[in-house]
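Labels for the chains are A, B, C and D, by order of writing; each one numbers its residues from 1.
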């Protein structure tokens, strides 16, 4: 994510926003941000959202995610929002949204859902 | 994809293989290839698999995809295989598989499904 | 749906609620409403929600749906809510929620997402 | 399932087939078997497939499933096949296929994927 230029823009308990600038590395020939990159930052936003609710020695792994691409991701940047729908000791389910932002206008371009499993980091 | 070092390793009608070498840009601190990168190359393999069945002026857009991460993607490279399950004039459905390859041994690390919509490229 | 005792409880443009009473036919030995029945009424609610936005001679077919079961569906009845996230000439995407209702208290027990394709009914 | 007339037609380790006869209760006005019923028997076949690999005191709950409806489910009966792709102590992932069978000819009408969680039945 860091490699793609993504950064966390907002953190709250159970919700994390990630911003990905529209750069040549993540755009297709037509200027749209690639579906794979859109899915990747959505997945990351959901994982971070879950982690906000857990103790320091807990991490999460993605079990699965599903994403619908609703409109071309065209803009200055895209913003992924991960929101915990149901936290759990073992499994956590997140809603995923991705917005394209152009000149301050936000448009929903992808919507998804994700299942995460909590793992304890050894030695912490 | 090109940016991540991915390349097509095999093309047949309705099936495309893409190889992604394990590089620092796509791996996490623990050496595993990132779930987002895994999903992204699976999505790409499915899109290319569909295109092999269509005339030259047809492209596809991803409507949605869903992927289960079955095991850590640890290896020299990962290989995504997209296979058309049901081609269509409007919608095409693909199966997605991702294998991690270490010292020539292949292990299934992700499995998914994808819906694509066919679009005609103007002016071709 | 009718066969299972389901009925539409609320219709608005782009949103439909369906209620399914907890009957022996749809419950498991432990009293929970079956995951399959939960998915089925969620799918139906989404399809009806899309149809509210279309002209009379348009119908929809389900392309795909995905649903997470968040908690046991235990209650007097369950209520599925389908909400159009993105309507389209060809494809429409809906969000799906299912609540279990016990003594007037509502609990989210399933959350999903659905892709529909619009079809024109011949002869209308 | 029993209520809908479904029955298990084949059991092997990690694979279960379920047959659902085409009856008025599960068909739409056009004679097609309902998407919700198709999803429900696919979900059931996957759950049973997982259970074949576990000890007697283990059950499974559906975490989530996703299904693509590929073609109208028109036939004498439909047959759902659940196949374990990856068994696990906590999570198990299954592939789901549904075939419509008419006069002995089988056609793939739905394809899906499912995540299950293993639970231990108390007192066994």
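As a working rule, a residue touches a chain if its C-beta (ideal position, glycine included) is under 8 Å from a C-beta of that chain, and two chains touch if they have at least 3 such contacts.
Note that the structure is a prediction, hence the values are computed from the model and not measured.
Of the two interfaces, B-D and A-D, the higher number of touching C-beta pairs belongs to B-D. Centroid distances from chain C, each centroid being the mean of CA atoms, peak for B. Between the Cα centres of chain A and chain D there is a gap of 31 Å. Our note on geometry: chain C versus chain D, Cα centroid distance of 20 Å, whole angstroms. Rounded to whole angstrom units, the spacing between the C-alpha centres of chain B and chain D is 26. Among all residues of chain B, those that touch two or more other chains are 63-64, 66, 68, 93, 113, 115. The touching residues of chain D, counted against chain B in their complex, run 66, 68, 70-71, 85-86, 93, 95, 108, 111-113, 115.
Residue ranges of chain B in contact with chain C, taken from their complex: 63-64, 66, 90-91, 93, 113, 115, 117. Taken together, the chain A residues at the contact with chain B in this complex read 1, 3, 24-26, 34-37, 39-41, 43-44, 61-69.
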